[in-house]
Structures are given as structure tokens and as C-alpha cells.
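Common to both upcoming complexes is chain A, partnered first by chain B, then by chain C.
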Partner chain A sequence: MMRFVLTMLAALLIGPVAAFAQDQEPLHITITDGVIEPLPFAIAGFIPETPDAADMASQLTQVVSNDLTGTGLFREIPKSAYIQNISAFDTSVKYSDWQAINAQALIVGAVSMQGGKVAVKFRLFDVFSGQQMGDGQQLAASPASWRRLAHKVADVVYSRITGEGPYFDSRVVFVSESGPKGNRQKRLAVMDYDGANVTYLTDASTIVLAPRFSRDGTKVLYTTFETGFPRIKMLDVATASARLLPEVPGTMTFAPRFSPDGSKIVYSMEQNGNTDLWMMDVASGQTQRLTTSPSIETSPSFSPDGSRIVFESDRSGTQQLYIMPVAGGDATRISFGDGRYSTPVWSPRGDMIAFTKQNQGRFHIGVMRTDGSEERLLTSSFLDEGPTWSPNGRVIMFTRETPGAQGEAALYSVDISGRNLKKTPTPGPASDPAWSPLLP
Partner chain B sequence: MNRADKIGYGLSAALHVGVILWVVTGGQWFHPKPNEPVVISQVAVMSEKDFNALMASAPKDAPQPKPEPTAPVAPVEPPKDAAPPPKPAPEPKAKPEPKPQALPEPTPKPDAQPDVSALKAPPEPPADVAEAPAQIQPPVEEPSPTVTPDIAPAPKPKAAPRVAPTPAPEPPPEAKTSPTAQPQEAPKPEAAPDKVVEKPKEATAPPEATTEIVTEATKTVDKQESSAPLSSPRPANKPKPPAPPKPELAAKPDTPAKPEAPAKPETPAKPETPDKTETAKSQPKTQERQAAVNDALAAALGGEGSGGTGSAPVGPPITAGEKDALIVDVKQCWNVGALSSDALRTTVTVSVDMQPDGHPIISSIKLVGSSGGSGDAVKQAFEAGKRAIVRCGADGFPLPADKYGRWKTIEIDFNPEKMRMK
Partner chain C sequence: MKFAVKATLALSILGLAACSNPDKYGSGAVGPGGALGPGGAGGITQGSISDPNSPAYFKQTIGDMVHFTVDQSTLTDQARGILTQQASWLVGHPGYTAIIEGHADEQGTREYNLALGARRASAVQEFLISQGVAGNRLRTVSYGKERPLALCSTEECYSQNRRAVTVISQSAMGS
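And then the complex of A and B:
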């Protein structure tokens, strides 16, 4: 009886407290400061599953690693630090072994030669969560395209971890230069985004400038001086055949760029001492004048949806950036900082515009919102110019030229955060890069 | 006699009596004050010869005071007992000062008129002059006319692969990097051989970090530092008299307040020992009662439980310091460097259940809310937050064990607003 009474008494007294303890609200905290540092990852090697795939596996592993570390967002952990030895594609991953070396992502892959093709399969693991990230994938291609396979693998890893779109499997067309500075020979060339697989599209018989890819990557527009005056030519990348676009006699045409759907070309035309923007229908050759200002309008670039055009104009007295509807009309100035702005290029994501800025004797590559806000300068040098966006809108490539008689032009790339500025390897001096869309 | 005559006689008589009484007795009350005694001063008479000798012994180089025409001389009041001067004091105009160029002797010093100045009324200092800083400023060294190039420019963050809220210098090459710096521990020589000897911790240093993304443009835009001052500081006001020191403030350290140490769990009260004098008969009764109380407590608390079944100690509320310690621990593992631009605009709320030892239960980590993004951006942001919890929770979070009930479940808002590219 006494036990019962005491039990009831204690329940009355302590019960609410216990219930309160059980119904505690979660502890709530807010984190607003983090760190920005390369994410460490490990590649447990692409395991050759057939004897003739050993070399391919090694090279493919290297390209995947270079792609990821080249972004500045990842850091590869040296293989000498690995604890677990993964010798087969289906080996169970000991997450603790990879956590111990602070690997946050793990790539396990395999390569085999099957029917004259290279087959690659891989898995991506989130080490600290102890689970696979997404499904495993298998790709196949001809042995000659093994680098594209590697880029595709790296693109998948990059996109799954960062959430950004892929861009490794893309190409860059540029002007390859040779000879002394006073007598430069220029020809068009195309290469992988990382500088590999350079192919020349034109010879050095004439000066070529400012190549631009079509949205599907099959055609290139560029400016040629083969007639003694700047003319626009359209080149088929697959066949390397080119044709001059229709022209108005006594005019100069330059700075062409494809519309997003590839059906139109916007360009600058100098006529009677005045330069304005014009649009041409590719199929019919019909032209339309977009601006009528007595000033110089040039470097047009379409917005991704094709509804607007950003261009440079000196109608205010100095070179500034303007946006107008695709059919022409009132233009809105978006650049208001010190210095001169030129060569604007709309981001593939549509949210930003890259440009060249000249101020106080130095050139900069910068980005701004499409309304001109949040301008950020990413580079600074003797001469930086001509930005072009990666297909995912995360990286900008541009031309940097060094001063002096021995100065040379080279291609550089930089993340839009301003980090990871690096030189893109080319066979020689290079300028005027234009990034292709992601290859199919 | 009529009535009026009676009144008249009466008044007359009363007045006469009063006058007589005043004459007789008034002297005692209204006698005149006696004259004050005359003060007599002893005066020694000096002969003319003695006076001349005395004057000859006086210093001769003392310049004679000259009344300045522009400064009115305060009138000298003659002593009362002194003889009146034969003539009134000469007006300044009566003695025109010779022209300065005609006087070969040096100009009189201001202190040459001790007597007169002593009688001058002290001049009232103007308020604005009294506050003039030039009179109260300590001597200031004149700036050197030459440029001194060794002036250290203001520290600027240099480019580093890691961007963190708190900058960290480049770690020494031999030191391992870890999220927090740790001094090297020496091995304990006195460790008993039968005990497990703990491995001495290696010295670690946080990885080099800067507080902001330093672009090439940022680095080169910086202009040449000049040693010239950019602005002239306004002179300080007249220093106020030092306030009496406050002992309680002086005792405070400069270091920021540390998070409060977790309160020690209260030791359970020892059961009182039964009185030895108590009879053996009463002992079983007491034990039975104690057992009943224990059983009742256990029943009320839900029996033996673990892992947050209600037996967790709730303790006092989590202090701000304890929260801050947890935030600091989590944020150093929250790496947003590989997040997409969209994910950097996404705030996610992540919930995690905790073990009593401060380790997170990995399988319990879940997304409970998000804002600012959708789809892949939320997924990337959640995974970055999850990685932060798992990585930094591997060693256990610094949480007070006696308050486990309050942090049994933790919800963390990962808000990357400050980490966006600007």
C-alpha cells in the first residue's frame, strides 16, 4: 500500500518534469560563416578490366583528376595516402579508411576494351555520408575519343558534387599566332577546353579575328581580311569549309555572333564612316539595321533567350555597355563605373555579363549583373580582353598579352569568383578564344 | 471731572511714570559701547645715515619698475597707520615712457613688478582660450620632412586557397593541419608501465586562410602606400582629470568572455547513514521505504532508458557560450567552396539526433526545411551541411553532458548569405 502511495506521489511530482524533458524543443543554431577551400577527393584508379586497357585506364584517370583539380574547387589526395586498396570495381568501400584520410568524395571506376570501343564505368561515393552519390554510369566511345570519355566522367562528378552544369567536354576556338609581333600570322584553331587536341581550321595566308561558335558548335563565324577589308566568314567545323557572308559594297563588316538558335547573325557594319549593328538571317541573307546612332556600336552578344542584345557604344562619349531589344529600339546603359567598357558577353545562364574594362592604364576582365549591378573585376594586367563563357557559366576564358616587343598573347581562364586564374596551354601565342557549347 | 478729563490725566500719569522709570533703569540696558583699545605699534627710529647705508646695500641691478602706459596700475591702498602721501600717485600719463629705441637697458621683465602684480586682480581666462588644445597638448614631434618608407601598410588579406571567417597564417611546413591549432604535447614520462600510454598529440596548425576572396584585380588595384598621413587628426580636447579607477573594471581581463564551462553534474546525495542507536527493528522498515521511493522515482521517470528516452538530464538552459562553441565547431567544417551559385543562395535547415557523448547519429541527419532554392541547389546545400556535421562531429561536439536533454536533437540553419561571391 505504501509503495503504491509513494509511486503515485512521485508520479505527480516528477511526471510533468519528465514529460517536459521528453518534449524538449530541438536546439536551434544558425551557421552563416563557412569556409571556402578545395574539396578533397580520391580516385581509386580506373581499374583495367581487360589487359589492353591498362594504358587507357591510367591516362583516363589522369585526365579526370586534372579536370577536377583544374577547377580549383577540388584537391586530389595523393595515392600514397590511401589505406584501402580497391582492386576491383565491385569492391566494398570501407568508408572509415577514406574518412581517415579526409577524402570527402571517392571515385571508383573501371576501363575495358570491348568490340573496338573503350568502355568506362564509374561510381561516386560520399565518404562522410557513407553512401553512393547517384547511380553508377557506363560510357563507351571509340579509342580516339577516350579524352572525351574522361571529360564526361569528370563532368558527372563535378555536377553531382557542386550542382553546377558540366563544361569539361567542350572545345575552344581561338586565333593561333606565330611570327614576330610586327608581322603576326594568324589562323583559326580549335582545341579541347584544356588545350589538348589542337586542330587548325585556316591557314596563315590572311589575318583572321574574333571567331565565334554557333550554339550547336558546328559552325564558326569569324572576321577575315582576305579581301583587304574586314569581312565575315562562316566556317563549317566538320569540313573546315568557309564562305563569305553577303555584303554591301563599300562597307566593312566585323564582330559577328550567332543568335541562340543559330538562325540569325548580329554584327557591326561600317558604312560611310558610321558603325552600327545589323542583323542577318542566315538562311535568306536578309539584313536588318538595329541601331542608327552616329556613334560606334559594336561587339553585340545575344541573351540566352534571344530576346535582348548587349553591345558597346561610345554614344555617351566613352565606350560603355548598353542593352536593347533584339529588334532594336531604345538601348539602356548598364555600365557606369570609371574607365571604358567593351566586348560584353552574355552568360549562358543569363544572369551575368562579362566584359573588358580599361581604367587607369590597366585592363580588367569583369562581370556584372545584367542591370549593371554587382560589378566585380576578376583580373588585372597590361592587356586583358575578349572574355568568353564556359558552357555552364562558371568560368571565363580571355586573352592576356604581355607588354614589350617580345610580348605575346596567351589564353587564360578564371573562375567567376576571381579565384583559380590560370593559363591555358596552347602550342604558341593565342588570342580571341570562344568557348563552344557542351559537346553532345 | 468728566470722563474725557479722567482719560487725559490717566494717560499723562502713565507717560510720566514711564519716563521716570526709563531714566532710572534705562542706563543699565542702553549704556554706550566702550571705545576699542588703541593699538600701539612700536616704531624704531632710524637715522638718515643708517637709511643711506641700508639703501646702498640693496641690489642695484634691479630695474626700477616702470608703469606701463597701457596697463593701468592698480591703486595702492595706503596702510591705515601710514602717513598720507604728500602727493597723489602719478598718473601714467604724467610719466611718459621713454621711447624704446632710446632706452639702452633691456626691457623690464614681467616679474619685475612683484608688488604691483600681486595686487592685480587675476585675469579671468576666456572660456575658449581655456579649452584651447594647444596649451594642453603634450609636445608633439614635428613630422620628419623626409619620406619614411618603412611605414607598414595596413594589413590586407593575401590570396590563400582557403577562405574562412578567421584568417590564419601559413602553417609551419612540419606541422599538420587541422581545423584548430593545437600545441604539441610532450610525452608523460611518469606514466605507469601498466597503464595505456597515450600518444602525445602532434602539433597542428590551422590551414592558411584569408577572410575574403582576393582576386588579381583586388591585389593590383592597391596603390603605392605613402607614408604621408592621409588626414590630419583633430587635436584632442582638454584632457579631463583622470577618473578614479574602478577596481571591478580593472580586474576584468581583456580577453573575450569564454563560453561558460559546462556545469558539473551534481553528485547524488549520499544516503544518510542510519542512526546506530536505532533499533534493529526499524531498519527493515527504513530500507523498505527507501526502496519504495526509488521504485517510485524509476516508475515516474519511465524506467531505465538510454539514447533519449526521457531519462536524459535536462539541466539548465543551454547558454549562449555553449551555443557559440557548437557553432564554431560546425562552421569550420562547412565548406561551401564547391557549391554552385544557386546552392549558395539556398538556406537549408538540417536536423540531427545526438548521442549523449556529443557524437551525431549519422543516420538521423535529415533535411527539415529550405529556402531560396530548389531541386539540385537544395540537395547540394544539404549535402554540404551534412558533411559539416559528420566531419566535425567525428570527434564529438563540445556540449554539456548534464544538459543532454536540451541538445538531444539539434537543428542547424546553414545560411550561406555571407559566403556568396560579392
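And then the complex of A and C:
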């Protein structure tokens, strides 16, 4: 596993003192506000400080810019508009030159190759306040991990300006699809959150469904038909080795999800046509039944503190969302709108539940408070399903499938305000995304 | 970060799996049209559809498939008629076992549809048992919405996809 050296350069990087700081609120975007205009920023650099860092510098600059503009919250000012030429990392920032082109934020960075590693340093300036935002930072990684360096830089910029947690340096496990609709081939794959660096984790020899990361990102649970029947498999991400979880003969098991501490797995088991929720201790394989209803209980998800489970059940006659204590027992229904609700996923911040809603022939991705209040639908299409949260709980990725014999699935993301709906690039059709935690 | 890709081809040994290849929907081994197309599922369609002892008779003359209404697993009168004949055939041909596949249309979320398909397969299994077929000759599996038979996105296709298929094979069932 790669490691970042994260060094505060406070002493080195005390920027030129802003003698005439304007009377201005500090730079800030509040995501839940009705932001219409993306915040304009300039990115002067990354400046190559060793001759062999030139290519890396331009690639890093591009990824940092793509991360920020990809949120829909930022807009990059074209370099052709720049007035000041910042040719070295320590060049004094002439704020008036950046104010003149209405750059609200300025990123100054530099890249060098040092002992086989890529070293990056950067500073962020609040142009209209005339001061540096936070300390400068320096990071280093192997050349193969250069995109992670860029994501880390963009994460710092994003976090400082929005006040939200970072999420660019993360991965997504998903199902890569090929072949005709009636005989779809499915493989597990993992990629960077933005679709880069796709790696396949299984071959296409059997149907695989709905992978989910452990909270530490080291393991993935998924459902496989490799025995001929749906069963849960646990995969070690670093080695791609996987093992089937123990099962009761004659049953089907699916819809697994890890507890926050990774010690337990909640999942659905079908016996004699009835599907209930069960809990398995990962180390011992011991199981405990959580529901005993003749209805379908599936798609369970833990609260981040591990104390409760949200799940879907059709015990009322249609699929609805319920929350119960982690040991089972009385469940409280939280969905009461029109239509049916399914695939609930607890947000990493603990404040919201994302879900799929079917109503009047359309599918939606939505969010609600954990008590069912403040329901908001973020998307609408022929078939949207299976939301997964970004590590900071601000963006949701999901599957969107188009209708008809030529219909295909793709991954889309949307922020929790309903803005910035966009397709995540994948090598081919793709479904069932699950976001990793922020990488270490 | 590096991921080694490892093939996961090893099938678990199931008594049931011996001849019937329950993973027939995997790649490569699937014949044209999957289980339901010509030559699918290990040649069980051999024989004449007019020979009452042939698997082809079971599959095509009696019919190996029943259909369901939206989001339901209740057997219709038509389904009961077909299943009564299936049961009678299975009782008369004790050398055969069956896997009952439950399927759903695409108008539902993936995991719910797996559970719904299991309900449908189980409804068929229970009916066959009620008609005298030994329970240990039957097993169920659900494919949810993963293997539609008809590919359009209208009720005309959905009604064909909400199905349970009794796939017979001439193999010893594990105890």
C-alpha cells in the first residue's frame, strides 16, 4: 500500500503578507445553498521544478482541475486570461492581477521528481481577501500513483472552500457488463471515483451482483452464481482472493453489507421462498436471524455508528423502508410517500438515507432524513437504482439503465442537492456501483 | 495500489450440480438462447415432442414454464393446469430431478427481484410437492431480473419474463 508523506510547510510557506486585505467574507461555498454560478478559480502551475517533471506537471494540473470542475461548484478560468505569470513556486502573488480576471481562488503548485518519487507542493489563495487559505502542503508518492496525488490536492482545495469532507481520492467497485440483454456477462471491477484506472477483479464465467466495500476499503462483499445459486463471497481487494461465506444448504444468500467495524455482515437469506435478514460474525461464521416475517426483507445497511439497520420490506404490501436495532426487534417504518421504496443506504455522516423509489412507471434516486422527513427526489428515469454515497456524504452514484432490447446500464452521479447529474465514464456498460471510503 | 486478477472458475461440488450445470447462464458454456434455447441445459430436449417419455415432451408439449402477474407469486389457474401435468410427468419419471428457476421482469430493484423470483420458484415447488412429487427431487433458484427471455421494455415482454421454469435433468439428486 502506498503511503503519502504529508508535510505542513507552514514555516516555509508564509505567503506574502496581504497589506491591503479587502473587507470581504472569507471564501466559502455552502453546497446545500442554491449555488447557480460555479466559483471561478485559476490554477497557476503545477510548475515543474525538475526537468523530468514537465509531463507530470501538466497531467497533475489537468486532474486537479477536472476534480474541481467536475463537482459543478467550480469553474476554471482559461490560462489565456491570466495577467500575472507565476513562473516559480515562491513568486509573490499579485492579487490585483487575479482580482481583475475575477479569480476567486488561486492554486499555485509545483512538481519535482525526487529519488524516484513524485513530490508535489501547493498553496491555495483567497484572491479577494488577499491571503493564503490554510497552510501549504507537500505530498509525495510513487509515479504510478500520481493521480492520487492530484486527487489529494483537489481534496484539500475542495474541503477548504466548501467546509465539506474530501472525496476525490476514493475508488468505486462496480459490475462491468457486456453481451446481449438476455445473457448479460458480468465482472467485478474497481476504478478511481472518476472512472480512471479500471481493474477487473473477476472473470465473466458467472453472474456477479452488487459489490460493497468494507469501511476500511480492504474487502468487498458481493453475490455470485458460481455454485449455480446466489451466494455471498468476500474478496480481499489487495490480493483479489475470495472465499464463499458459509451457507445453509438449500438456501440462497444475497444483499450483503459489512458492519462499520467490519466484524459482521448483514444479508438476506431465502428459505422456502421467504427472504429474511440475518447477521453473520465474519470470524466465527456464526449467524443470527434478525427478522421473522413472511414478507421479503432485503437490502440492509448499517448506520455509521453500527447501532441500527435500515432495510426494505414488503410487509405492508409494497416495498417500504424500515429501521430496526442492530440486534433485530421492532422495526419503524420511515417511508410514507406514494410508490415503493427500496435499496436504502445510510449516509456516512449518519444524517440521511438514500433510496430508490418507483412511482407511476418511473424510477428515482432520492434522499430523506433518517426519520423519513424531508424526502427529496434527485433523479428520474426509466430505471435508476442502487445509490451509493461518496465518502463525504455529498454525492450519490447509482445505476441508470435505458429501456428496450438495446438498453444498457451506466453509472451516474448526482449531488445531494439534485444538481450536477452526470455519467461516470466506464469502458463499457456498468452497474451496481459502491463507493469506497476515502483512501488513506 | 495493485490488484491481482484471479480467475474464480472453481465450482463448488454440489450433488445437484453434477449433470444439470446450474450455472448454465455463465459465459462460454451457454448454448444459443441460454437454458431455454435449442440445445440448452445439457441436451435435455432430446427425443420427440410426441413421445410422452421424452424430455422434449415435458418441455414443449406439457410446457416447462408458468407465468405470473405483476409483483405476484400466486399461481394462476392456467399455471396450475400446466403444473398438474408437470407433476404427473415427474411422478411417472422418477429418474428425473428438476431445478425450478424463478424470474422477474425488469421493473424492480435487483435484490428485491431476486427475492421475488425465489417466491415464484417456491410457489411452483410447493404445488409440485402437493401433487405428489418428492421434495428431494426439486430445488429452486432465482435469477431475479438477470435473465429476461423477452427483451423489450413493455408489458408484452414483461409478462413473458415473470416466469418460473421447471428445468429437468436425468441425474441423481443429492440426498
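Worth pointing out:
The working rule: the second predicted complex is superposed on the first by the 404 of 440 C-alpha atoms of A that agree within 3 Å, B and C clash if a C-alpha of one lies under 4 Å from a C-alpha of the other, contacts with A are read in each partner's own complex, and residues count from 1 in each chain.
Quick note on the criterion: contacts are C-beta pairs under 8 Å (C-beta built on N, C-alpha and C of every residue); 3 or more make two chains touch, one makes a residue touch a chain.
Everything numeric here is computed off the predicted structure, so don't read it as measured data.
Once chain A of one complex is fitted onto chain A of the other, the partner contacts of A:G386 are limited to chain C, with no touch recorded for chain B. Looking at the shared chain after the overlay, A:I416 reaches chain B, while chain C stays out of its contact range.
Shared-chain residue A:A54: touches no atom of chain B or chain C. Once chain A of one complex is fitted onto chain A of the other, the partner contacts of A:M113 are absent, as it touches neither chain B nor chain C. In the superposition on chain A, A:G163 makes contact with chain B only, not with chain C. The contact surfaces that chain B and chain C form on chain A in the two complexes overlap at residues 2.
Residues of chain C that touch chain A in their complex: 1-12, 14, 16-17, 21-23, 25-28, 30, 33-34, 73, 99, 106-112, 114-116, 118-119, 121-123, 125-126, 139-143, 146-149, 151-153. For chain A in complex with chain B, the residues that touch the partner chain are 2-3, 6-11, 13-15, 17-18, 20-22, 24, 26-39, 73-74, 99, 102, 104, 126, 128-130, 161-164, 349, 351, 362, 364, 366, 374, 376-381, 394, 414, 416-419, 421. Residues of chain A that touch chain C in their complex: 1-2, 145, 179-185, 190, 199-207, 209-210, 223-230, 233, 237-242, 244, 250, 252, 254-255, 268, 270, 272-275, 296, 298-299, 312, 314, 319, 342-343, 356, 358, 382-383, 385-386, 401, 403-405, 407, 432, 439.
By the touch criterion given at the top, residues 161-165, 207, 209, 213-221, 288-289, 292-293, 295-297, 299-302, 309-310, 312, 314, 318, 323, 326-327, 330-343, 351, 362, 376-377, 379-380, 383-388, 390-391, 394, 405-419, 421-422 of chain B touch chain A in their complex.
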